[in-house]
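In what follows, a structure is listed as structure tokens, so that the remarks can point back to it.
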Amino acid sequence: MSSHLDYSLLIPELILAGSAALVLFADAFRVELRLNRRLIPWLAALGALVAGAVSLAYLDTSDSFAELLTIDDFTTFFRVLFTAIVVVLILGSHEYVERNVRHIGEFYALLLLATVGAIYMSAAQELITAYISIELLSFSLYVAVSLTLADRRSGEASLKYVLLGGVASAMLLYGLSLIYGVAGSTSYAEIHEALSGGTADFEWALVLGLALIVGGLGFKASAVPFHMWTPDAYEGAPLPITAFLSATSKAATFALLLRVFGGPLLPVIDDWQWMMASIAVLTMAFGNLIALQQSNIKRLLAYSSIGQVGFMLMAITAISQDTSSALLLHMAGYLVTNLAVFTAVIAVYNRTGDERIVGFRGLAETQPYLALVLTAGLFSLAGMPLVAGFATKFILFQAVASEGFLWLSVVAVIASTLSLYYYLQVVRQMYLYEPDGDATRWRPSLTSYVTTGGLLAGVVLIGIYATPVFELADGAATALFA
Amino acid sequence: MTENDGFVLLALFLLPLGSALLLMATPSRERSAIIGITAASSLAMFVLSVYVFLSYDYSGPEQFQGVRAWTWMENVGILGDKGIQLKVGADGIAAAMVLLTGIITLAGTWVSWKVQYRTKDFFILLYILAAGVFGTFVMLDLFFWFLLYETAVLPMYLLIAVWGSTRKEYGAMKLMMMLLAASILIFAAIFAIFTEAGIGTFDLEQLFAADYSTGFQKAAFPAIAIGCGTLGGLFPFHSWSPDGHAAAPTAVSMLHAGVLMKLGAFGIIRLGFQILPEGAEFWAPGLLTLGIIAALYGAISALRQTDLKLMTGFSSVSHMGYVFVGLGTFNAIGITGSVLQMFAHGVMTALFFLLIGAMYDQSHDREIPHFSGMAKQMPIWAAFFIIAGLASLGLPGLSGFVAEVHIFIGAFRAYPVVGGLAVLTAAITATYLLRMFAQSFFGEMHPAWGGLRDMAWTERAGAALLTGAILWLGIWPSPWIDRIATTVQGLQGVTL
Amino acid sequence: MDRLPLPAQFDRIIMTGGLVASLALAPLLLVLVVLLAVDEISAPELVFWLVAAIVIAGALGTVLLPNVVYAALSLVAALLGVAGVYLLLGSEFLALAQVLIYGGGVVILLIFGLMLTNATDDPIVTDGAQKPFAAIVGLLLGGVIVAAAYDAEWGATEATATSLRDFGELLFGDFMVPFIIIAVLLDVALTGAYLNARRDREPVASEPPAEPSSGGGGQPS
Amino acid sequence: MGMEQAWLLPAIPAAAFVVVALFNRFIPRHGDWLAILGMLAVVVIGAAVALDFQGSFDHGVFSPGLEHEYNFEWASIGDVLRIDFSTYVDAITIVMVTVVSFVALMVMVYSVGYMRGEARYGWYFALLSFFTAAMLLLVISGNLLQLYLAWEGVGLASYLLIGFHWERQSAAEAAKKAFITTRIGDVGLLIGIILLWREAGTFDIQQIIELARAGHFDETYLTVAMLFLFAGAAGKSAQFPLHVWLPDAMEGPTPVSALIHAATMVVAGVYLVARMLPVFDEVLVARDVVLYVGLGTALMAATMGLVASDIKRVLAFSTVSQLGFMFVALGAGSVTAAMFHLFAHAFFKSLLFLGSGSVIHATGQQEVERLGGLWRKMPLTTVTFVIGGLALAGIVPLAGFWSKDEILFESLEGGSTAVYVILAATAGLTALYTTRLIVLTFFGAPRDRAAYDHAHESPWIMVAPLVVLAALASVAGFVALDGVGEALGFAGGIGELVFVGEHGHAFEFHSDIAVPATVTALLAIGVGLAYWWGTAERAARARAWAPELHQLLVQRYYLDDLYQAVIDRVVLGAAGVVAWFDDRVVNRTGVDGGAQSIGYTGLRLKFLQTGRIPNYALAMAVGIVTLALVAFGTS
Amino acid sequence: MIPIENFLLLSGALFAIGFYGVLARRSAILILMSVELMLAAVSINLVAFASYLDAERVGLVFAIFVITVAAAEVGLALGIVLRLYRDRRTANVDEADELRW
């Protein structure tokens, strides 16, 4: 390995980590420094914003740090995506955090560090780095999930997450070790070479390794049957973290999946394609079927996000440059939609403190604006037209079908039709019933307005004119397969 | 139509969308403003649709007129040149359907001014629906075609569940889920077609031109036929229709039975006949069979219904059955007939629902046996109702006859027996309608309904508009037939 | 062994444990010696099998023993055995690290955990209801892995030792970034542990957590 | 002004309809005068057309192409399907136009008196105009589809007029029954039309006839087609088995019965068959069907008329029976006789109806059992009614005599002796029930004093049409005589003019037929007088002698009950089954069931989520192991 | 010398045993121990491959990282276990099933 250590490539992450440290510091010494607690989120958001802005400077570069991390359009895509997510989340949830989280310094620091991990997952081009990044993200989330100390569910969720996470990473590691043994290297490029050379000698070892990797990463992506932690963790976690789980950690995992299965493991696609396909089908089926029976909004969204994972796994199954670009497009649309939903839910929760779906009764009366945002978001998740969901799903499924997996995309369409049913359950509560309890109109905070508004705009915009996003995604995919 | 009329076609569905946005902006207190906006935009839509209909040049050389395309995205991912474009254009069929939509939207808007509860939201959703319908008719890009097709279905749920009556939630959910379950098949078909064509574009005209293996066509057509057919109330996928209509508020029933169900048949023509002619030819008999079953089935079920709206719903199933019979004949006369029937049934059934609504809003009762001698209490209402009924039972001189006779002729041409059954159905239709008249309109006036007032002016206007359409088509149908027939004769593989 | 940094009252337990272990090992040792004598296996293999035996025994003890303290101790045995394996594979540094981190740190942590959670109170009911399934799955998994291992043609017989220098260069040269990341990761872990383990739930105002400085230390440059 | 303007005939009353229907509230007298003026115009134009026609008629030989046809395209699909609006005028048309326009005029005038003070007075006249328009359109239409259009139009008019007093449930029911029954016939008609089109590729009647003559059609195919066509005719003309609606149709106002259900609409069927007779001639099977249906109906209706107690129903049955006569003539292949009888029948039957109307108007009573002795109070009505009756009975020299004589002759010619005998017997029955009717209504002792005291002669405006029609009923028969025709200015006499092409010879008098017929009629009248004069105890005895027979006749051979049963049991039963199927199988099982089962699956599945870490881990482990094992198996 | 299969065999057995522990044990801490075993198995694999097949010895680095992460994980997990214990006086994972379905 040539040690070409160009730290300038890592500036955005340094900024993120630095601001994380800064936030911790400020929170710790805020008494001495006479800092207002409210400043901290803005500090964190600012850091993330700067990082995102800086990372834009890396457009069209294609360089690598010590052949551990690639900085190309793919990475840039995700850098921007993740920093954007974290900014939006911080802005959208700071009231919630003030109310429900004691250690806000740690909270925001963790968000930022997790983002670093997520970015490196998408940038890694070598197994060790990838693994460490995964763990960084996971650990941050283990902790973050546990952060509503007043709520015992939070602790339970975190325990489940951490223990099962440990098992999962053990599985993943064992798989990686086998791959390492088979290919004799941890570098994506060299693995690709080795595997292209023919794998007759190690057939079983290889497929076992693949199976373990699929399982391990399937856990992170919460794919059935490795998804079991998801609903519990989502329900126990503080709402912003739930959002983060369903947004960043998922996206990062898929970035990694794209890198790994689209790169080093591509030569042995025949060995893992069917695994992905079967897991995808299982995931779609389970996620959507169980979601039909939920009564808690967090859990509902958890299961629905599982269902969504199924759609994305299809793209991995039928991986190719086209599907990857379609997947990236869908992911972008999905993230925006998802955040819109979550920020709206958070805003409502700040008012009602009620997680049950029936808690949304008559929202159309008391807060029509948020009701609209939620409806748009949920419809978009269900893949309805005029909002992001339809266009992105349509293109994703079409891409998968074009790769010869028509049956898979048909299953997907069935699943997403099914999903509409439970999304409608929420819409029903908001529009069909009068609010029980106080029916007085109320106004969410300005930041909620801004964030939800922005996201709603995004949802609609992607829905009716997804072209720019799609072109970015296509660029990223091109970089990935270059 | 010249190419610049593409802007008109674009305006056709941007207008309702725009006014929906405008309505969102207006505070819901400003009732007069809302009424003003809706009045203006619905009138504009009507005028535009009439213009489109009239200016379609049926002697002109090209099939699609007013064709205009705006590139949406191309050369990214799976998409090649002209991958997805916003491409509008109308043929004779579309022209007729656009006119239909314009008429019904106008009438529907008028009667909806009576809505008191969340009027603004109602109109927003209604216009989104209208936009979807207009768009589907004029869209020449498969992606947008389907997008708008779904858009037309989307608002249904809330419209019915919030403003509906009786079992509204059940009806709404059932309608929504069944229709979307059906579009699964359309999705599948579209994916398959795009893949099979392999030209990386959703441009319909190119997809028409592309060649598909016969086997593929035979495999893909049923998906489209059932997928779209469900929206068209094709037996046995019709059961959303009666419940949905029974639950829906007036204007929604009007638009839905009047226009939306036509989208289904329209889809079969657009995607089925025009993309997969061989498949269509192969499956035509099947379509015909289901159609005639639906016609008889709906009519016979209607005999037993006591709820006025349910009866109308089943009669819609029956009449849409004619449409499928016409399509199934796969000859020019039959298909022309079924397009005519789409129009005729559209205005006729819209009138039905308008009238039922006008009565139900006051009486909150639709049980036929509960009424008698209504002609005394609400003469104008009864008169309109009888006209609609006569149109529906295919009385010459009214819209129904013109359409049905074409279908009959076409059917006799292909399968005389089916033709005979179709004609028989018309007699059954007469039976249940006349039974209803004799029961509810004539005889001693039931004292309980002494309080009912005759139709409001808006309703009269709407009813008059629709009746006008019924009579016009009935007495002087050539404007329709010329436009439709030229297009139909252009369909590939269709026998004369 | 009494130098293990454990509370004194564990000595007896440890003694017996060691005794039992050595008794169990004796026959195996015998067999191996015989095999060595008839030249079936080489000397290093003999060592390997001994170490392997320790590891496996320890592992089994960890997952089977009803008494949690015994379980913990046999974990120590297993992990130390693993250190031995590292030695056999010729990487002393790893062996050292293993002993220090596990023997010196992790296990102590675990045992304290056991004490703090009074897991010692109910040493009997340490196993869940799904034991049989667990056994089946475990066996299957092991079988699968072993099958894979023996199916493959690894095409290498000779383990080569690694000099500490090479290792150091590798670690702090090419793998600098992962090293930094892992530093950050440790901060995160500590934060989490500390926040969750704190007994009082009051928001920290006065004393700052120790991490930030090291978090800053996580920064390169 | 000539045949080119034939389209004016329907156009004028149609216009009148629109104006009166929409604006009658704003027009003095609700616009009845408008309708009547319209009719006058029609009569005039009709005459003009007739003159123009006969002017262009070259004496003696029948020459095709003489008929006059005017087309313009109504709608067409390329050259596949062409639907025209076309008028066609020939002798038959002329007869129909004359009859329709004249009777309609009479009825309208009469109605001014009869309907005075009615609610919806204007609407009534509007409907009459509408009916006339449709009827005239029917008779001048040159193609079958247009004919069908008009056909349904008159059906609608009849529906609305029967149900004119819709507040009476019975009226509403009767209207419904009439419409549906005729509709069933119309199904046949439409099928027949389309079947003809299918082979001929045109709706134009003359072209179809030529093609048929040229043997373009397959024999059986044509037979089927013509039978369907005849089903339509039978429906409109109330022939067995579709005759049931006509008696009930008497719920309508009496003038309406006179116009629609005696003179004009009900003869549309006859007109249709006459119009298509050349085609029927190609398939004699169908023609025989026409003949025997007509014969059966004639006899059956006559017997029922014998016992009916409602004055109007008696007339209705007699109408059915007379229509039967006409069909027999057509079945025997003679347009002459049929049209001649149609012509005559129109006058005396409308006369009879209007007379009965005048009676009802005067007494408010229409049960013959409760009338009687009215001749003192309303002499004019009585006289005219008797004239009409005798004409119906076929007594020399009244109209009925000549036409019936012609029919009997034809039945012997084209039919068989049996047919002739039965028909003659029926004629006798006709005379019998006519006598019964007249005797019970106008003579003998009044049975219902109240009605009797209330009775009075009708106003002149009602009596005048009676007189006119009575005069016509007396003389209409003579037109058959060449001399009269010549005198009227019809070269070769109306006989030859109208019935040209049947048999070249001019009309001739068949003493061998006429004498026995007349004798029978007189005999029957005698019997009738003997039975019902005075207290009619003989009639009572006769009734007691065969009560079952009497019941059978009173119950109209139980046909109505049979149909009712069929509708209630079979049709509605089937409908019930289908409705049940739709609700249970298609809906609850198919749709809701599917949905619920999906939901249930979800419910079961969610309990996999036990919330316990070991279970979760187990799931993962199982997943991995399965993947690995499958992978090993496959690779 | 020692064939590599031996080491793989050892690690495989260790991994399986560890997994068994995870599935069979109730106490969160015992489960943690079992996870440690699994991770140890992984390290054995890595080191074996490194010293047998990889001239660059990357596997050793991987192994050291694994060990570190494992240690960190124990620390974090224990903290959470303690919290759980404070919340409901037990460290048995199957009693922590408030969140389910």
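Observations on the structure shown:
For clarity, chains are labelled A, B, C, D and E in written order, and residue numbers in each chain start from 1.
Rule of thumb we're sticking to: a residue touches a chain if its C-beta (ideal position, glycine included) is under 8 Å from a C-beta of that chain, and two chains touch if they have at least 3 such contacts.
Quick caveat, the model's predicted, so the values are computed rather than measured.
Number of steps on the shortest path from chain C to chain E, with steps defined by chain touch: 1.
Annotation of chain C and chain D: jointly contacted by A, E, touch as defined at the top. Shared contact partners of chain A and chain C comprise D, E. Taking the CA centroid of chain C as reference, the farthest chain centroid is that of D. Interface comparison, D-E versus B-D: the higher number of contacting C-beta pairs is recorded for B-D. Among the remaining chains, D is positioned farthest from chain E, on the basis of C-alpha centroids. Computed from the mean C-alpha positions, the centre of chain B lies at a distance of 72 Å from the centre of chain C.
Rounded to whole angstrom, the centroid-to-centroid distance between chain A and chain D, based on C-alpha atoms, equals 79 Å. Per-chain Cα centroids separate chain A from chain E by 26 Å.
One inter-chain figure worth recording: chain A and chain B are separated by 42 Å, centre to centre, where each centre is the mean of the chain's CA atoms. Taken residue by residue, chain A touches two or more other chains at 1, 128, 132, 135, 139, 142-143, 146, 149, 155, 158-160, 163, 167, 171, 174, 178, 181, 203-204, 207-208, 231-232, 293, whereas all remaining positions touch fewer.
In chain C, the positions touching at least two other chains are 128, 130, 133-134, 137, 141, 144-145, 147, 149, 154, 175, 178, 182, 185, 189, 192, 195-196. In chain B, the residues touching two or more other chains are 177. The complete set of chain-chain contacts reads A-B, A-C, A-D, A-E, B-D, C-D, C-E, D-E. Residues 1, 127-128, 131-132, 135, 139, 142-143, 146, 149, 152-153, 155-160, 162-163, 166-167, 169-171, 173-174, 176-178, 180-181, 184-186, 231-232, 235-236, 293 of chain A touch chain E in their complex.
Within the complex formed with chain C, the chain D residues making contact are 612, 614-615, 618, 621-622, 624-625, 628-629, 632.
Of all the residues in chain A, the ones that touch chain C in their complex are 1, 3, 5, 7, 10, 14, 17-18, 20-21, 24-25, 28-29, 31, 65-69, 102-103, 106, 109-110, 113, 116-117, 120, 128-129, 132-133, 135-136, 139-140, 142-143, 146-147, 149-150, 155, 158, 174, 178, 181-182, 201-205, 207-208. Residues 174, 177-178, 236, 238-240, 243, 297, 300-301, 303-305, 332-333, 336, 373, 375-376, 390, 395-397, 401-402, 405-406, 408-409, 412-413, 416, 419-420, 423-424, 426-427, 430-431, 434-435, 437-438, 441-445, 477-478, 481, 485, 488-489, 496 of chain B are the ones touching chain D in the complex.
Those residues of chain E whose C-beta lies close enough to touch chain D in the complex are 19, 22-26, 28, 31, 93-94, 96-101.
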